[in-house]
Every structure is written in C-alpha cells, then in structure tokens.
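Got some structures for you, see below.
There are two complexes below, and they share chain A, which is joined by chain B in the first and by chain C in the second.
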Partner chain A sequence: MNKVWWVLQKDLVAEFRSLRVWPSMLLLGVVVAMVFGLQMDLLPQQKQRLVGGMLWLAVFFAGMAAIERSFSAERDDACWDGLRLFPVDLSLVFWSKWICNTIALSALEVVLFPLFFALSHVSLLAHPAELLLVTMLGNLGLSAVGTLVSALATSIGRGGNLLMAVVLPLATPVILAAAEATRMIAEDALNQTFWRWVQLLLAFAVVFVTVGTLLFPAAVED
Partner chain B sequence: MTAPQPAIQTVLLSKSFGLRPVLHDLNLTIPAGQCVGLLGVNGAGKTTLLRCLASLTRPTSGSVHWFGEAAADKPQSRRLIGMVGHESRVYPQLSLRENLVFAARMYGVHQPESRADHLLQDVGLAARASAKPREISRGMQQRIALARALVHNPPILLLDEPFAGLDAHGSEWLVRMIDSLRNEGHAVCFTSHDLAVTQQLADVVYELRSSRLEKVRFYGPNLMMRAAA
Partner chain C sequence: MSLRNRLHAACGLSAIAFVAVAVWMAACIAPTEQSMGDIQRVLYVHVSVAWLGLCGFAVMAVSGVGYLLTRNLRFDHWFQSAGELGWITSGLTLATGSIWAHEAWGTWWEWEPRLTASFVLWLIYCAILLVRGSLDDPHQRARIGGVLGVMGAADLPLVMMATRWFRGMHPVSPQMDPLMRWTLLVNVLAFTALFAWLITERRKQLRFRQSNDDLQRTLIGRMKCSHS
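Take a look at the complex of A and B:
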C-alpha cells in the first residue's frame, strides 16, 4: 500500500505546485452555487427541499472537471507509460487516483457547503455527523465511477466529452441518493428513509470501487 | 547445462491497427550483453515494436518473452525493463531529484534518495538536481530520462530515438553510456534514423520494412545491405 501513498503524494504535490485543476474546479463550483443561490427566490421550506439537489449537482459538475484531469494530466506529461511500467498492480494506481479525486471533492465541499448556507440560509449543520457520513459516501461513489470512466476515456483519447456522457447516467443514483439524504438533513427528518438513502450510497460506493479495482487494468491497456 | 535464456525473444509477433498491419510475424532474439539497433522510415513500426517489447502495447498475435518468461505476466516482471521514449516521462511539477526518488520508490529500490543522488551524479546533473524538467535543455532531458529508466538497474533497456535532438556532445555522451551498459551485460535495443551512430554502436542492426525485420550489414559508412532476418 506504500505505492498508493507515493502516487497520491506525487499527485497532490504536483497539483499544489501547478494549481492547474483545483482552482478552476472551485471557481466552477462557486459560480454554479451563486447562480443557484441567487435564483432561489423561494420560501424557506421550498429552499430546504431544493438545497440538497442543487448542492450535489454543483459538486458533480465542478468535481468532474477535476476528475477528468486526473488521467489526461498523466497523458499530457507523457508520464502515463512510465506509470504503467512500474512493477505494481495497476489497481493500486486506480486507488491512488480515486483517493486523490475524493480529496478534491472534499476540498470543493469545504467551500460549497458554507456558500450554500450563506446564499440559501438553510442550515445543514443541525446533524453534522450525518452530513459528514452522506458527504463521505457520496464523494467515494462519485470519485470511484468518475476515476474509472476518466481512465477509460483518456485511454481511448475521448477525454471530457465521453466522461460526462458516461458518468452522468452512472452517477445519477449517487447524486439522487446524496441529494435526498441531504434534503432530509436540512428538513430535520432523519427517519428510516434517510438511512435507506445512506445504505444506497454505501452500496454504490462499494460497487463502484470494486468494479473500478477489477476493471481498471483492462481499461487502461493499449 | 542449459543455455542462458535470451533477454528478449519475440515469437511470430504481429501487430495491426485496424486492418493495417504494422508488424508481421517478427522473430527477434536479443541476448544479454547485446546491443541491437532498429532502423526504419517514419511510420515503419519501430516505436510500436519497442512498445510491444516493453509490454506497453498488446500484440495482435505472437508473444514476447523476457528471460524465458511471458512478458509482464506478473507486475513484478516489469522490473526487468527500462525504457526511454520520445518524451522524458518525468513530471514537470517535480524536480529532477524528486522525479528519480519517486521512480525509485515505485520500483521498490533500497534507499531511493541515495540512488537518485548517485544517478544524478552519473548522468552529470547533480548540480541541477532541484531544477524542474522544463528548466533544462533537450540534452539534459534525455539524460534525466535515461537516469529514470536506469533507476532500478534493469537488465533490459529499450530506447526510442534516443539521439533525436541531441547535439554532437550529447550524442557522444549517450554512445559512451549505452556502450558501458552493454559491457555491463544489459541487453539494449534502440531505434534510430542515424546510420552512422547505429553502425558505431549496435552489435546487430535490423531494418523494419513492410512490417518485417531485415538484418542489415554495413559495408563502409552509410552503405548497407539488407537480408531477411
């Protein structure tokens, strides 16, 4: 597992030095949040119903900008072949990129959650532990499916177009479950249905990580 | 006593892209300690052959063996290969030393930091260790690419157009380096357009023509004769 850490550390150092993905991701997220927030001339109850969906759509669209770059950056720098020549199981590379993309989504949410709160005045912090759980599971699922499809899209040279076209339908259940669970947190309605959505998020995260781990080596083959 | 296994052996290796055959039934054997030069016009398939030898590209049919074992059967067997491509394959955001340390760690090299320092010394870049790849010349980039490929001391070294863009001094340095690697027992296979350098350096020279390998014999500078391998 040391190798997972070395690739992750390399990716994070490279991003912090070049700042070529995260700033544009954060900017896009902020713009989407501002548009949503300023257009929401609604009653407080209506805002509570909408905030989850808007938040997770903003996370998805801004986050995919970062996830799409996780492999195309390796291609641009012609380092992808070098990575494939290392004597490591390529699934470990998937794990590194998956963790890195999860960190990127988390960083995005650190900015977006307070922004949504400020713009909509809907408090999401009434149940911080539940919000953290939903966010973590949503991030794990979204980044797993995004990482796998990004690798596939990059290896066949189709980049971002294919990524959005394929990821959106695959990620819809995750976005829907995360949005519903977030709405229930905003409405202070943590009933049995809430936990069903959480279970669904967990199931998708496990399925996408397992599928990614198994398919990644074949997906990146020339 | 059994004969030692060749470092690289291909058996009826073929590669097509769609309907276009690039390599057709190639049988190539490179023993340890031998330097093989590959000539061919642009698009002849030299890079594709090198990528197949490195297991970066899956052949359409046939097989590649490293020391008698199917290439890249297990991830660990990739330790046997070092490759220098058209690009230096180093990360532009990391310094030269950080790139080598990262590669050494990924190969599981003991004491990666001191190995990186040792290699930087070997390729004459110790003074530029903290420079970024974009801050150094093309010749220096070739040097760091070679250092990266040698970080785990692989017995097989594949070099794709290693002399491209190098000045006379850089070419001389690379010839000396490859020569010394061959003398240490590394199997080396390189592609080139430069007949003079190929003739000077390679023990055996092949030309890729019409998807097939033809052995080349030289009769004086730049005068060569082909024979089917």
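Take a look at the complex of A and C:
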C-alpha cells in the first residue's frame, strides 16, 4: 500500500505543481454544465428527470479529458520508462493511477454538483448519504474503465481519439446506472429499483477494478 | 478436394438446410399467435440471433484471455471471427426486436433495460471492431482486442438479467403453445449450427490471410537482403 501511495503522491504533486490537467477539466465541466443549463427551460418535474443524465454526462466528458492525460503525460520525456524501473508491481501503478483519477472526478463533482443545483434548482441534497454513495461508486467504475483504456491508448500512440471511441460504450452501463440513481434521488423515490442501480454500480466498479488490476501489465506493453 | 474440406462443406450445407427447415417451421408449422398475428413469427429468429449475439461476445472474451495468456494468434482469429458474426447477430437482434415491438408495443424503440443493454452491447462490438480495424500490427491488434473483449464482457450479465433486475417491458419467459416452443428450440439450434460453421470458416480464412502476410514479409525481407 505504501508503494501505491508513493506513485499516487508523485502524480498528485506533479499535477499541483504544473496545474495542467485539472483546471482544464474543471473548465470543460463548467462549460458543459452551462450548455445543459441553458437548455433546461423546463418544468421542475421535467428537470428532476433530466438532471441525473446531464450531470453524469458532464462528469464523463470532462473527466475523460483528465483521465486520458494520466498516461499520455507519462510518455513525455520517457517518464514511463522511469516509472517502469520503479520496483513495484505494474498492477500497483494501475491502482495509484485509478485512485488519482477517482480524486480528479471527485474534485470535478465538488464544482459541478452546486453548479447544476444553481442552474436547475433541483435539490440533490435531500438524501446526502445516498448521493455520496452513488457518486463514489460511479467515480470508481468510470475511473477504472478510463484508466485501463487510457493505458491501452497510450501504448499504441493514438491517445484521445481511440480513448473516446472505446470508453463511451464500455462506460455506458456505469453512466446509465449512476444517472438513473441520481434521478431517483432528485425525485425523492428511493425504492427497491434505486438499490438495484446501486448494486449494479458496485458490481461494475468491482469488475472493472479487478479486470484492470489483472490486465494492466498486458495493456501497457509496447 | 480433401476429405477435411468435403467434411467442412457438408457441415455448411447441413447447417443451411437446418436453418431452412427451422424457418419453414416458423413460417408454416408454428401456430399463429392470436393477438399479434403472423408478425409474431419474427420472434423465432429474434431469440435465436439474440442468443448468438451473446455467444459471440463470450467467444471473444474467452479468445481474448487465451491470446493474453499464450500470445498465440490463433486465438485472435477466433476473436475476430466471433466479433464480426456477433456484431451482425447483435444488430439483427435489435432490428428483429424493433419489428416485434412495433406490433406488440406500438413503438419501434423503447428505452427499457433489456433493449438499452442490448444496444450498449452492439455499441461495444462496434467500438472493438473499429479500434482493431485501425491497427496494422497483428499482435498489437490481438492484445488491444483481448483487453477490451474482457472488459466488454461485463455487459453480458446485464443484458441477460436486465428484465429480471429492473422489471422492464421486455417479456421474460412468456407462456407458449408446445409447438411454438419446439419451433423456437429448432430455430435456436439451427441458427447456432450455422453460426458455428460460419465462425470456423471465417477463422480459417483469417488464418490463411495471416500465413499469406507472413510469407510476403519473409520474401520481401529476403529480397532486401539479397539486394544489399
């Protein structure tokens, strides 16, 4: 666990020093939220139905901009070769990148959730514990898919285009489940179906993290 | 024509004949459903191709794991052939389901759990085939495909269980006349036989192409050596 922390710390320190990726991610998130907000000239009930999907699409598109950079940045100045010389299992590198990307998505949501609330007037804080659970599980699943595909894309040198083409269909079940669960929170309808969506989010997070841990060494081969 | 090739051809002809019998049963033998009429007969093809869409992805995932463990391109030929045929059957599932839904529900498409999950599966097929098509190096193609195939397989349980988990409009196991059940079973078996035969044929074709490419590369390498 110590080794995961070292690699994670390296990524976080590098980001806070250069501030290259997170600010652009936040800006993109705000722009997407503004565009969605402008289109939401609807009745309150209609907004409650739409806000989950729009929120998670904004998180996905802005978040992937940061996740894509998490590996392509390592290719500059042969940083990746240096990282591979680091005496840790490659799976631990996946874990540190995954945690770092999850933190990035969480930071994005800290900005986006109040912004969506301000733009749509839909309160998402009626069930804060449930919202936190859905957000956390959604972030874990999304960042696991994004991290693995970003590693794949970087290994073949066709970063962004390939990443976006593949991540969206793979991450769609996570986005759908998170959007549906968020919609039910907004509508104050926490029934059995809500918990089904939460279980689905949990299942996808576990599956994608397991697959990522096992396949990461194969994904980063040159 | 060698005995093996004759056997392959015989298997193919048998599978095609089996499908013809199955379609004939669906069109002429199975009783007409009372509320939907003849359009309900599309169900026999729909269930068969839906099953094959899932099978195709399962074969892709297993072949992907096979390649990642052994680095043998034979697994990748299975992966590619299953992917192409799975993509076709998955697309046919959406098309035939849409025809059925138009009659049963009065709409071509409904964003209900099973339909959405099936559409996502088809999108994953598209993405994997597109990405693989953009790569020239066979081992790189196989490695990328293998990883994506295993990740995409996470959608399979969702497609199968979506209706039970989220109570959508899609029927789960409706009551059927025994003759309808038999017709459905024959159709599933016949289409599975044709699918299996087509996969093996396509795999054979991919293997020949691979051998041809290897041979070309070797010859070009030798020619370069002799010129220098």
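Just so we're on the same page, the second predicted complex is superposed on the first by the 221 of 222 C-alpha atoms of A that agree within 3 Å, B and C clash if a C-alpha of one lies under 4 Å from a C-alpha of the other, contacts with A are read in each partner's own complex, and residues count from 1 in each chain.
Convention: contacts are C-beta pairs under 8 Å (C-beta built on N, C-alpha and C of every residue); 3 or more make two chains touch, one makes a residue touch a chain.
Fair warning: this is a prediction, and the values are worked out from it, not measured in the lab.
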Partner chain(s) touched by A:84 [first = chain B, second = chain C, both, neither]: first
Contacts of A:176 with chain B and chain C, given as first, second, both or neither: second
Which superposed partner A:110 touches (first chain B, second chain C, both, neither): neither
Partner chain in contact with A:42 - chain B first, chain C second, else both or neither: neither
Which superposed partner A:17 touches (first chain B, second chain C, both, neither): first
Touched partner set for A:6, first chain B, second chain C, both or neither: first
Which superposed partner A:31 touches (first chain B, second chain C, both, neither): neither
Touching partner for A:221 - first (chain B), second (chain C), both, neither: both
Common interface residues of chain A - those touching chain B in one complex and chain C in the other: 221
Parts of chain A lying in touch with chain B, wherever the complex brings them together: 2-3, 6-7, 10, 13-15, 17-18, 77-79, 81-82, 84-90, 221-222
For the chain B and chain A complex, residues of the former touching the latter: 51, 54, 56-58, 75-79, 81, 83, 85-94, 98, 102-103, 105-108, 148
Complex interface listing, chain A residues touching chain C: 145, 148-149, 152, 156, 158, 162, 165-166, 168-170, 172-173, 176, 193, 196, 200, 204, 207-208, 211, 215, 218-219, 221
Interfacial residue positions of chain C with respect to chain A in the complex: 68, 116-117, 120, 123-124, 126-128, 130-131, 134-135, 140, 143-144, 146-148, 150-152, 154-155, 158, 165-167
